[in-house]
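Labels A, B, C and D are assigned to the chains in the order they are written; within every chain, residues are numbered from 1.
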Amino acid sequence: MIKPTADDALLVRKRDLKNNYYSITFKPFTSAKKCKPGHFIQLQIPKTDIFFRRPMSIASVSSDGDIEVIFNVVGRGTKLLANLEKNDTVNILGPLGSSFSNPKKNEEVVIIAGGVGFPPLMYFATELVKSKFPAKQIHFFYGGRSKDDILEKSRIKKLGLNFYPITEDGTFGEKGLVTKPVERFINENEKSKLRIYSCGPTGMLKAANEIGKKYNIPGELSLEAPMPCGVGICLGCIVELEKGGHARVCAEGPVFQIGEVKL
Amino acid sequence: MKPNLSVSIAGVDFANPIMTASGCCGYGEELAVIFPLSKLGALVTKSITLKPRLGHPSPRTAETSSGMLNAIGLANVGIDKFVTDKIPFLEKQKTKIIVNVAGSKLAEYIEVCARLNDFERVDMIELNISCPNVDEGGMEFGADPKMTEKSISEVKKVFSRPVIAKLSPNVTSIVEIAKAAEQGGADAFSVINSLVGTAIDIETWQTKITNNKGGLTGPAIKPVALQMVNAVYSKCSLPIIGIGGIQSAADVIEFLLCGATAVQVGTALFIQPDLPVTIEKELKAYMKRKKLNSIDELIGKVRKY
Amino acid sequence: MKPNLSVSIAGVDFANPIMTASGCCGYGEELAVIFPLSKLGALVTKSITLKPRLGHPSPRTAETSSGMLNAIGLANVGIDKFVTDKIPFLEKQKTKIIVNVAGSKLAEYIEVCARLNDFERVDMIELNISCPNVDEGGMEFGADPKMTEKSISEVKKVFSRPVIAKLSPNVTSIVEIAKAAEQGGADAFSVINSLVGTAIDIETWQTKITNNKGGLTGPAIKPVALQMVNAVYSKCSLPIIGIGGIQSAADVIEFLLCGATAVQVGTALFIQPDLPVTIEKELKAYMKRKKLNSIDELIGKVRKY
Amino acid sequence: MIKPTADDALLVRKRDLKNNYYSITFKPFTSAKKCKPGHFIQLQIPKTDIFFRRPMSIASVSSDGDIEVIFNVVGRGTKLLANLEKNDTVNILGPLGSSFSNPKKNEEVVIIAGGVGFPPLMYFATELVKSKFPAKQIHFFYGGRSKDDILEKSRIKKLGLNFYPITEDGTFGEKGLVTKPVERFINENEKSKLRIYSCGPTGMLKAANEIGKKYNIPGELSLEAPMPCGVGICLGCIVELEKGGHARVCAEGPVFQIGEVKL
């Protein structure tokens, strides 16, 4: 566990990504340098009637320590977040949880993202590219219902990786669910060189987990759970393990190995 | 002059009156990463039972207005693993260690307490006779004066250091139960455990936690806790550890004024895990401003109309 | 199809399940200026006692996290003035009228209820055997099964229309008290009255209300109220009016799912006096969206794990 | 009782009056036209963790319905109010309570104001002048500890009334408490033609009440009390009456007659 810090940070940038998605960027955050892809932060909007903090994956950390999250408005808390304006204060606790482990040099990275699972994987891909991991070895499968669910297209493209958008209604990229193109890709490649990273809706995570097990491909899944604390002390965010027993999504996770948890 | 924050309960000395509540700080490992546990008067462990318990399935918490519901279901590593894996860590911490003990039968409580007796660094036991989240035992013990008295007196036979009775608020008269615990030989009271409550998802019509009901905690319950602390303080003579909704030094002071000698911070740790550090600082500042030298000058000093 | 919001309790028909809670709407005069009372299923008056009561001195309310404390002390005009000054106004309102009755001795309850029997437009009596703010009677009645049974059965002898027992949450087993009330001949339950609590001013060290303790109400207590409604619903057969922390149609639906046939809005009126109008609209919209024709389709339909 | 309305209004103007005093102006407010001096409103800052509304006297209502309050930061709620910015939303419930009654044409109006009792009396004086009541018949005694406690000096002066600032430390106007200059004024004038209006700290209200009774001068006092509801339904805001019994400050008051209440 990295020692998390709690900071009152200012909202320095807010972008409406349409379709109820927003990107907001905060600063300063003492622990910005310690953040790694997969880590999350717990956001608290001071003086609101919302009791718990809200967990959000880190979407990016800039060289001067700006920290970005990308989120979807689904309830009261995210609505309040979306209503924030420049210079509003948010208290950030983090970084929290486990992070994605790095692929081996020669591995092909298969990223399977969807919905609010996209931000941590964008962060992951960005850092891989920054660390000189060959962009052409990164395969970014990004599924959504419709073209508006595929966020930050230009940002992904700019990374120079292999981008495979997939939409259920076919309005952007291939039509259908991510499963098919992912399996096709796997079958066209040397399976022992692949590594999967997935974060997204439960259905997608289940599929990624099954695919990994079926083809014996290692990899990692980033999970969600309601999180009262985010630091491992409430035992509220548990998930069942395949080997029996529970793990805390906030402490042992949110990043788990394929085949490790019951989904 | 520097205010002195130390307090003493049943012969055990605490650096300050701020403890972390059972079930809200695990076995201390996570918080120790965040702040030195020496900042605490004491750490109270998650309830330990004879056998390891996974607790209830997920979801087992829900957010409420100024509070939360939990039905963790006494998930814990069990006494064996606690002794081998957790005590060695706890022994190294420069704070007092209170182990909270729970069970579904009296025999289980006794066995766990007997095991703990061997570890000198377990300064006190807090008997959870008030957990609303298990079917047998738990709250039933704490709602029945006879069972309360008996469970304390039996535990006292096997554990040689002080025993705290953690009282349930879900009773007609908490004073009656406190008196029974006093009768049984309790050395102190913890007041209060959580209130019983529930919440429903109006889209799915399903209860929000798998146990269907759970314990309500957090700022929402503070007024109830304060009243119960003061009721017990007025009618009994043992020291009281006040618990319920504490979020700030101001809240701590309210509990002290109502009669608590020390306090435990629970749910608020989930939002601000280093809250005890802030509280200690604020409490000191308050005492300086009010020219108070010791916590004693606050205990039970509420002025009633 | 338009959803039908009407409900029926003990033979009395209500246009919708939304009532205003005793002590939170006076005798209806102020709210009638704000919205037509015909929007309500029923109005429940402030507790009426035999003699007029001034109640406790000021301050008698305090703000808490998501709630408030009150120790108004049953301030009311007394039955004589109620009959001459308030009933004529209430009789003109196109809503059902429930008169809440309190006292410190059983004889007082009986006398007040006997007087009310003459007024046909008093559709029901709600017996407040659970007020935490008077020294004699009040809560003591409601914490004792025998007194509960007796007070209801005596009142039933002098009041010919339905009698609701308003239950206290400050008991070990609300089901036990509910069963006693049922035994005494109660026609329905109101669940719950306020929890007992207190608050201290840390600057003056004084309690924030002159009665030193008071009733905790508002959203803070909703989980407790929901749980008690469901406990009574599971074990008893009389209709239940759910009360405690209701602020929105969503809250009302939670209570209905837990087993309430109707609900009362209390503290939230202080922040939004025309809240019942909003709730009725939202409730209708919910029923349309969920394709529900009647409130019955919600009552007690919570799905448990 | 006037039928109050509840509106989500926007903050259209905010002025820092120094010394922890602020003026904030809102719009639109449906019932602006019904407001009279002495009335108050109940303010709620949406989505805060503050449970009750906060009562505030109306300080002015402009011809196009802007409604102004002037307040002092004393606790959590007023702190939040002071932190509001332009275009923030506040829910306003009002107008509430009783209002000041008009003086007779030939009466000399003795206004005794202090602290947050100033705003309703400024509103009262303004409306009197607007209604062609002779400004020279208005005597505005305004007490404070120091010169910074005397707000909106130019605004009062512009009304053309007789302005008597009094400060305890003598930094502005006469030195001392308001009582002395008020009593002096009373003694220099025909008592039967005077009428007192007072709002301010308890000490000042008590003094105004005593002076009125001593010299047999009629008048009105505007009181404060903690107010859970503000509309007369909670019975939380009571004050004892001289004749026995209680009155609700929010419903029978906040404006009471001199000699009517126990202070």
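Here is the rule we go by: a contact is a pair of C-beta atoms (placed from the backbone, for glycine too) under 8 Å apart; a residue touches a chain by one contact, two chains touch by 3 or more.
Since this is a predicted model, take the numbers as computed values, not measurements.
Asks: Between subunit A and subunit B, which partner chains are common?
Replies: Neighbours common to subunit A and subunit B are absent.
Asks: Between subunit A and subunit C, what is the gap in Å from one C-alpha centre to the other?
Replies: Spacing between the chain centres: roughly 48 Å.
Asks: Centre to centre, by mean C-alpha position, how many angstrom separate subunit C and subunit D?
Replies: Inter-chain centre distance comes to 37 Å.
Asks: State, to the nearest whole Å, the distance from the C-alpha centre of subunit A to the C-alpha centre of subunit D.
Replies: Computed value for the inter-centroid distance: 55 Å.
Asks: Residues touching two or more other chains, restricted to subunit C: which are they?
Replies: Residues 57, 64-67, 218 of subunit C touch two or more partner chains.
Asks: Going by the contact rule already set, what residues in subunit D reach two or more other chains?
Replies: If we look for residues of subunit D contacting two or more partner chains, we find 49.
Asks: Among line, ring, star, complete and other, which best matches the way these chains touch?
Replies: Looks like a ring, each chain touching just two neighbours.
Asks: So which chains end up touching which?
Replies: Going through each pair of chains, those in contact are A-B, A-D, B-C, C-D.
Asks: What residues on subunit A touch subunit D, complex-wise?
Replies: Its residues touching subunit D are 47-49, 80.
Asks: Write out the stretch or stretches of subunit B touching subunit C in their complex.
Replies: 57, 64-67, 69, 143, 170-172, 195-200, 202, 204-207, 209-213, 216, 218-224, 226-227, 230, 245, 250, 253-254, 257-258, 286, 301-305
Asks: In their complex, what parts of subunit A are in touch with subunit B?
Replies: Answer in residue numbers: 1-4, 6, 44, 49-53, 93, 225-226, 228-240, 245-246, 251.
Asks: Can you list the subunit C residues touching subunit D in their complex?
Replies: 23-26, 30-31, 33-34, 46, 54-55, 57-68, 70, 72, 75, 218, 267, 269-274
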